[in-house]
Amino acid sequence: MMEHIPLNFPFLAAALLVGVSLYIIIFKKNLIKLIMGIAMLASGVNLFLVSLGYRAGGTAPIYTDVPEGTMVMSIPQALTLTSIVINVAVLALMLTMAIRIYRHTGSLDSEKSRKMKG
Amino acid sequence: MLTKIVRTVANQLIVFIVVFGLYVIAHGHITPGGGFQGGAVIVSGVVMLLVAFSSQELKKSLRERVLSIMESSGAIIFIILAFIGIGTVFFYNVLVGTPIFGGIPDFGPGPGDFWTGGVIPLMNLAVGLKVIAGLSAVVLALALFSSGEEVEE
Amino acid sequence: MDTLITHSAILIIAIPLAAAFLTIPIGMASKKARNALVIVSLAFVAFLVFALARDISINGIHIYTLGATSPGLAIPTGFIVPVRIILEVDGMSILMGMIWSIVALAAAIYSLSHIAKETGQNRFYTLLLLMVTGGFGMMFTGDLFNLFVFLEITSISGAALIAFRTKFADTQEGGFKYIVVSAIASLMVLFAIGLLYGQYNLLNIGALAQVIQYTTPDKIALALLVIAFTIKAGLVPLHLWLPDAYSVAPASITGMLLITSHTCMYAVFRVCFTLYGGVLDTPVVGWIIIIFGLLSMFVGVTMALRQKDVMRFLSYHAISQLGYMWVGVGVGLAVLGNAELVATFGRDAISGGIFHILNDAMYMPLLFFIGGALFYCTGTRDLTKMGGLAHKLKWTTILFIIGALCISGIPPFNGFSSKILIYESVFRFHPILTIAGIIVSILILASFIKVFHSAFMGAELSEYKAVKEVPKSMIIAMVILAAGIVFITLFPSLIVDWTIHPASDALLNQGGYINAVTGAIP
Amino acid sequence: MRRQVTGLIVLIVLVAFLVLGVMRTHPFGHPDATAMDDYIIENAQEETGSNNVVAAVLFDYRGLDTLGEATILFTAVTGVLLLLRASKRKEETS
């Protein structure tokens, strides 16, 4: 029974998380929901990155008193760390602009607050 | 501003949060963690204070101007640490083998020595300073702006 | 001097960065010192870029391994693949670097008086320098993840600068659109990097290019990378954010944003030619790029014809000009597998496309700066409200005429020399492309005549009686770009031999790029 | 309505792409190629003196990325403070 479970389950989960967030980004009109969608998209990509580096039975790539054994790959962890911080920065700026838009137009609906067309 | 109970508890807790954050920053090269993580821990304490007290209250002790300069200096320290390697190559870890953080641990598992890592602990400190100041400034500015006040230049 | 050249690749990235960190503390003390810091650091970087360009034309591809025991040590001794981040500067990167250094310097000088009345100038210049850093990083890096990081620096600083004038609602909307689009695009890039890393455990472009096999995940990574970078470059049909963002930014930033579009285009070329060059199904990808490039040319120019806002008008023209470059390089990509066709016209088509990048990077920012000057003088971007400005703005009018003649490809201006190079080579590939290009050129000329008539000609309007010529620093910035145009116009063959052909050869020479990193002859 | 249909098509195509891509990636927990990471895990202690290999990657092997990351944070903070600034100077209002 165990063999039928796909080993790539974490990767699929990451892809589906990306899919759900893309759904939110494409179909939701509220700016805050859009921002949440982008945060989820980032989480999906980060999940994918960090699960790429996993090695079965591996420990964290830090030499401590833990007995020697396989270690999981360290570069994906560093990349994920970088990407998380980048996303925090992007989110902060997006929220600031959303607040400013709300101040100007009184609405967070992307249809109503839209001024420019053509 | 929340009730007196919350404010008192927050006032006591912030000490522990800051100490833990500093621990995470300082031991970034031997245990999980580092400048970003420890900085985020301390900023979570700042957010707690922001919830317990009002943003106006907090503004008296955390000036944005000061935070700005702190952040810039953290960034400048980081880039200077990268620049001191330029005798060899940019980002070269010059301190490995010197008395300051120069220890090289034996290969394989071990308890970890604080005086290792070359420029890595120093960079962690610089990044920590930057993250604390930067994220506090963002959180504070957003809170102040939502309560109707704009940031001074 | 030799040490300076050895370290110049990283210095070009690190000096604007250090200056950006210093801008806020220095700006708090003195405004003049801050302005001097910005201009001097950018001028020094421009000097370094040209010195490096000279070195590359003599010694070939420049390698810089960060944190290794020597800059040229790309692969650790006794090991097989690169581990550290490597900066790799070849003819194409340095051409983009030269463009970026000139435009950034001009934009900084232009800003000195353009935003003089606004608050928040310290942070404005900080972000401007950070954007310069991000652009240089994207051009010079040889590492995929590093490319992503610098892409993010460019996008975030760009978005904040677009929304700089916070008192208008449309600036916030433009900035928000820009950052949402950039965030999605860069996360797509990151996903693609993950797919490549998962298979080959490599992040270096050269090392990846050596082992890449074109499996299913590779194809998907290619699609994600190309889509993401073309979104950021503003290729039709993914261009909808571009006019909204470009038209509301301060004019100096619009000029720089255009170069970031070129840089994203450069990233597409890097991915298609260098990363996937050996395995790519080039005719298919080439044709896709050509078709969307043609679409860009037409959609851009037809949308521009009906614009009333001068900056939106120019933004749509920018899209249309980007189309020419896509078509030129796309033709080169389509014949990449066939050495004979590459020699007869493929190389010329790529050269034409790249030459057009250089020309576009000179006249398009100039036109954006003029649009900003009109806004500075009249307080409006609406063309129907302007008129008779030639009486007051002598310099601006002359510069506008130069820019308009260049963009419409009137001989002997520089826009003509690159367009003719594209037309000639593309004609041998498919005549319809050349005909389309000529039609679009005529439409561009028509639209510019219309704008010139409505904004500059006619009787002096009463509400603009008090208008004076724009401040000196704005004129100096525009004259720098106009001088570039005149230089290219006078010596087109010199420029092509010195900068354009090395750049197109660098794109075609995938083996050289790989060899510089891995040291193995592929 | 037309926009919704286009959106749906884009969504389905993209998700199909991603799922196809991740299905063909190596089995979870058993990466095919590990040369670069093995080198770093072997040599990080000797070359950088850091027991934490992730810290060694962050600040030594891929230091420029971390500098970029710190720069991005700096950029965002600067951007937020720039956008939330008062649009008039204090001396002008008083």
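For reference, chains read A, B, C and D in written order, and residue numbers begin at 1 within each chain.
Rule of thumb we're sticking to: a contact is a pair of C-beta atoms (placed from the backbone, for glycine too) under 8 Å apart; a residue touches a chain by one contact, two chains touch by 3 or more.
In this text the structure is predicted, and so the values were computed from the model without any measurement.
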Count the C-beta pairs in contact for B-C and for A-B, then report the pair with the higher count. B-C
Between chain B and chain C, the Cα-mean centres are separated in Å by 36
Chain A and chain B: spacing of chain centres that average the CA atoms, whole Å: 24
Intercentroid distance (Cα basis), chain D paired with chain B, Å: 20
Report, in whole Å, the distance between the mean C-alpha point of chain A and the mean C-alpha point of chain D. 9
Residues of chain C touching at least two other chains: 17, 21, 24, 66-67, 119-120, 145, 149, 152, 156, 159-160, 163, 166, 172, 175, 191, 198, 201, 203
Among all residues of chain B, which ones touch two or more of the remaining chains? 30-32, 36, 68, 72, 75, 79, 82, 90-91, 93, 105, 110, 112, 135, 138, 142, 145, 153
Residues touching two or more other chains, restricted to chain D: which are they? 18, 21-22, 25, 31, 34, 36-37, 40, 45, 51-52, 54, 56, 58, 60, 62-69, 71-77, 79-81, 83-87, 89
Chain contact graph, described as a line, ring, star, complete graph or other shape: complete
Quick check on the complex: what are the chain D residues that touch chain B? 45-52, 54-56, 58-60, 63-64, 66-67, 69-71, 73-74, 76-77, 80-81, 84-87, 89-90
Spell out the residues on chain B that touch chain A in their complex, using ranges where they run on. 30-32, 36, 105, 108-112, 135, 138, 142, 145-146
Contacting residues of chain C [partner chain D, same complex]: 17, 20-21, 24, 66-67, 76, 79-81, 83-85, 119-120, 123-124, 126-127, 130, 133, 137, 145-146, 149-150, 152-153, 156-157, 159-160, 163-164, 166-167, 172, 175, 191, 195, 198-203, 215-217, 220-221, 223-224
Note which residues of chain B are touching chain C in the complex, please. 65, 68-69, 72-73, 75-76, 79, 82-83, 85-86, 88-93, 153
Mind listing the chain A positions that touch chain B in their complex? 60, 62-68, 81, 85, 88, 92, 95-96, 99
